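I have a structure I would like to understand better, so I am pasting it below and will then ask my questions one at a time.
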Amino acid sequence: MQEAMINRAKQLLADGSVDRVIGWKRGEFVYDITPAVFTSAEELDADFVYDDFTAANVSKYLVKESKKEGKILAFLKPCDTYSFNQLIKEHRIVRENIYVIGIPGGPKLDAERIKANGITGILGAKNDNGTLIIDTVYGEEKMPYYEALSVKCLNCKSKKHVVYDELIGEDGDILDSNRFDMVEKLENMTAQERYDFWREQLSKCIRCNACRNVCPACTCEKCVFDNPDSGVENKAATDSFEENMFHIIRAFHVAGRCTDCGECSRVCPQNIPLHLLNRKFIKDINSLYGDYQAGEDTTSRAPLNDYKQDDCEASIVHERGVE
Amino acid sequence: MNKNLQEQVLRSSGVNVLKCMRCGKCSGTCPSYDEMEYHPHQFVYMVERGDIETLMNSKSIYKCLTCFACVDRCPRNVEPAKVVEAVRLAAVRQQGNNHMNPNQIPEMLDEDLPQQAIVTAFRKYIK
Amino acid sequence: MQVNDNKEFQPLIVAFCCNWCSYAGADLSGTNRLNYPTNVKIIRVPCSCRVNPMFILRAFQRGADGVILCGCHPGDCHYTSGNYFTRRRMTLLFSMLDFLGIERDRTRVEWVSAAEGAKFAATMNEFTEAVRKLGPNRRLEDLRCRKQ
Amino acid sequence: MQRIGVFVCHCGTNIAATVDVKTVAEALGHEPGVVISQDYQYMCSESGQNLVKNAIKEHNLTGVVVCSCSPRMHENTFRKAAAAAGLNSYMVEIANIREQCSWIHKDIATATEKAIILGKAAVAKVHLNAPLTAGESPVAKRALVIGGGIAGIQTALDIAEAGFDVDIVEKNPTIGGKMAQIDKTFPTLDCAACILTPKMVEASQNEHITIHSFSEVTDVKGFVGNFTVTIKKKARFVDETKCTGCGLCTEKCPMKKVPNEFNMGLDNRSAIYIPFAQAVPKVATIDPNYCMMMKTGKCGVCSKVCSAGAIDYKQQDKFIEQKYGAIVVATGFNPINLDKYDEFAYNQCPDVVTSLELERLMNAAGPNGGTLLRPSDKTHPHKIVFVQCVGSRCDDSKGKPYCSKICCMYTAKHAMLIREKYPDTEVYVFYIDVRTPGKNFDEFYRRAVEQYNVHYIKGMVGKVTPRSDGKIDVQASDLLANEQLHIDADMVVLAAAIEPDKTARPLATMLTTQMDTNDFFTEAHPKLRPVESATAGIFLSGACQGPKDIPETVAQASAAAAKAIGLLVKNSITCNPCVAHSNELMCNGCSSCEKVCPYGAITYIDKEFRMPDRTTAVRRVANVNPAVCQGCGACTVACPSGAMDLNGFSNSQIMAEVDAICK
């Protein structure tokens, strides 16, 4: 796959169809893969990577990249195409300046989960019939493949590319993901249990802003948390309220716009399951206002910018679920 | 007025009788009208009033063909046939209240009997 | 009528009222001398849709024990559609607060028309009592703002 | 730092009896920025106001807080007082310590405490108030009326009467609308054409009225007082200025098999046509779907016979742009399509007709020259059944949920006219309810029953079956007799529900006006502002707002005209300064605000920004039109970045109030 992508990118660069390519390159470790912009065949040959550790969603980078001069080639996994569409809907990226190649997505590996099994010094990994064989500086290690998968891939919602100019590999389908199971489990707890659960999770927050910075829905010119006039500006959470507030406001700001790409949880250094907050909103929206998948198209009205005259009342929150 | 029976009929039919605007289109449309003592619109109204036992004791409940013409044409989606069915069910569910014995059916068959009536009739002989 | 008993917990209730219906409804309950507790403090907004979830969180942060939002009845919004947006926003916000384990009785939306002075008073009495039962807001407070 | 004056009103004993006003004044006097804090018996009185005015001048106040009754009561009073003393009137805030404090509380200690808190909140807000100036925007002295039926005509005539220019845009080749198709009018039974056509002529001859017939509105930009509208004049292939309306072309046209819309398709017209004799403008129109010349290039008869040389087969659609101060929507109604009501056999049997078709069948200018004949075999019907509420008062899945309002009366009219003209005809009317609330309406209906012996039967028709012998079997219930009837009718007339014209929905989008789920335009207030839309400068006339009969339509048309005139006489309009505004530096251009704005006040512009690295970047940013914005604030919450804020109720002001209350 990596080979095919590099070849196609080189072709497009050579015939002048695109001027730049956004893809990924390796950092210090094999599993440390970050988005990068390439401008020549040489750079592509030297650094371009697409493997099982390549999980990052490059859509957000296009907010800036697509406004630069010339055309850019973007490789988008199925989940990334939803973010991409959502950004088009919000006029955040310039579609004409982007050539989109859809590529097959995950499941992707999560190095943190491998390390959690006591395996370090990772040099590479491959799936052998459900067992992950990991090449390390200390020799070969094994673990169940499933346990090494990135959380965001475990409940993959769709293998379908909702937007592309061309495809490498085949297109997939929208999946039945069970992605709301955990939300439902929490809903069935008592309020005290939920409170305790979230206190434990959110108190781990170190306000590194990684979730915000990676989120393709968080592309505000100026974030309210950085704006002294917003009334909620803060740089570091000083107490439990501010820990809560940051995450409630962030989740509310992306409600109806979050495509459930799972990047927030993937990048959280404290492993806070932030995607559950977003999924809670998605689940509520689906059940109260009809199924809605952000990024599925570029024209539908966002649920929070829409209404029906017979929408349920807010008191429904008091009537359902567990107190 | 029997609240329990009324509750049962409303629940098993799933019909909101309060939606009825009393236009009578159900009865205007009913092919069994002349056979019935109480007509579709009366079923709806009497269920609304809770007068269920009168309906249960009337032969009318066995005259409805369940052809659903009234359901199809009711401007307010009240679905009278479902009310009739629910009343019939309330009667059938009572022990010993069978309308007739299945053995009686063959001799009743004749050329003019609508097929649908035979099919519908079988629903009346549970137990 | 409120009994000013020091032993009894006195919750602080912030009520956001839209200018056209609910604020007028609150005025009417005043004109009709319909009592409700002093715990309730009203903030006037042009429309219920002006209320940002951040204002509600801010109120809790600064020590409010309950927040209620009042607007025109759906379909009667002075701005034709504002309260419909409010309804979705608040449903989702309250659901999220509930999801985080915040007591659900601390938040409420109520539609009160300019003619419903009695409903306004009754709602405020009821809501104040419900919040009083919950006790002080501890799950969503800023410790620095806690009153001594 | 502001210099704030606090003025606490006793309101006689209304406040002072429950709130210790001295304590309140004293406590608020210690708030930051407060330079003077006073109490007074009646702050709204002349001398109370003078107290405020003098304090503003004496202490150089930049902000004023009045602790008194509800702002809904005296906010304006104190704003005017402040303005008189040279302070911007939006630097005044009211703390409501009467309706929301003294009148509802009894314990002086807690009521006083609450009054102080409310005062503090107002002080906190005033600290963040900024002077606001109401903008002014000019008014274009011209009105547009969309729709040329009786509603549009009446509105245009009334506006023209006041001396303003009015344009009527009508999508059909002639004005006149539905009323032109109607035979007689209830409850007086006078001829519709006799009262309508003089008005049509009056409109065409009025120097202030321009009629754009066969035209459509394709774009609306702008806002109250300042709309720019694009009108498409559809090609009619006849030069309007040359055509004399002699009608020779229509006679000579060889293509005569075109269903005549004016007669509801009950007869035919030619491919070049004038809809009816009294059409205004009386100009021919070529129907390109049927014209031989347009389709095959062979014919050209009309062009040859036209002595005026008006025929132009190459004519193109023309677009004109015009500025208007006010727009009146008068798009009217249509009977619904009856395809899904199979039980009435409307599509199977030509003798089952709608009431509007019956109007044409009975009209002297109709297909039968005014003799009522069955469409199928041109014989006199002897038994006619009328069915009421066809598609009206239905569950949403079955039809229209509303009562179409006019059917009871026109059916009584039809029944009466038929019995009058053909006494040997039996007439049955199946009704659910007879609804006749109107002047002389019930009397009219009673005449049908008592004088004309029309058989009114309470019940509904369940099934209509055309028989092979040409009769129509009507199966219905008679609820009062508790029996099912079968009537062998010669004709069946269906009172089809009426619905707004299909062009109304896209028009509403262009005008950013609201519609209900039935596509009727929503009025700004159902009781108090029934002829205005919620969008300033757009008014509603006739059945586009809800089912209406002719007198009601004309009344509303004149009311809408009065409202439009009220706007047009102004040279400029004062805008509400408490409007939203967007901070361009923070705006993402995401369109969220635009989506929730009920007034269409927000547009987007591409704006160039200087970047910190001295480059420039173009960004899409929101732009609020202060003349259109009504200040609801929906956009401020929809905006994810907080770029959108509302004057007078800004984020920081409301949060300052929250803080003050929670302190």
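Read from first to last, the chains carry the letters A, B, C and D; within each, the first residue is number 1.
FYI, contacts are C-beta pairs under 8 Å (C-beta built on N, C-alpha and C of every residue); 3 or more make two chains touch, one makes a residue touch a chain.
None of the values given here were measured: they were computed from a predicted structure.
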Which of B-D and A-C has more C-beta contact pairs: A-C
Chain closest to the middle [Cα centroid of all protein chains]: D
CA centroid of chain B to CA centroid of chain C, Å: 51
Distance between the centres, which are taken as Cα means, of chain C and chain A, whole angstrom: 36
Separation of chain B from chain D, taking each centre as the mean of its C-alpha atoms, in whole Å: 46
Inter-chain centre distance, chain A versus chain D - centres from mean C-alpha coordinates, in Å: 46
Multi-partner residues of chain C (each touching 2 or more other chains): 53-54, 58, 81, 85, 89
Residue numbers of chain A (touch at least two other chains): 224, 230-231, 304-306, 309
Partner chain B, residues of chain D touching it in the complex: 343, 389, 391, 393-395, 397-399, 430, 432, 458-463, 475-479, 482, 484
Chain C - residues contacting chain D, complex: 1-2, 4, 12, 14, 19, 23-24, 26-31, 33-36, 38, 41-47, 49-55, 58-59, 62-64, 78-82, 85, 89, 121, 145
Chain A to chain D touching residues, read off their complex: 67, 89-92, 219-224, 227, 229-231, 253-254, 257, 301-302, 304-306, 309
Complex contact set, residues of chain B against chain D: 19, 21-30, 33-34, 39, 41, 69, 73-77
Residues of chain D defined as touching chain A within the complex: 517, 585-592, 595-596, 604, 617, 619-620, 638, 640-643, 651-652, 655
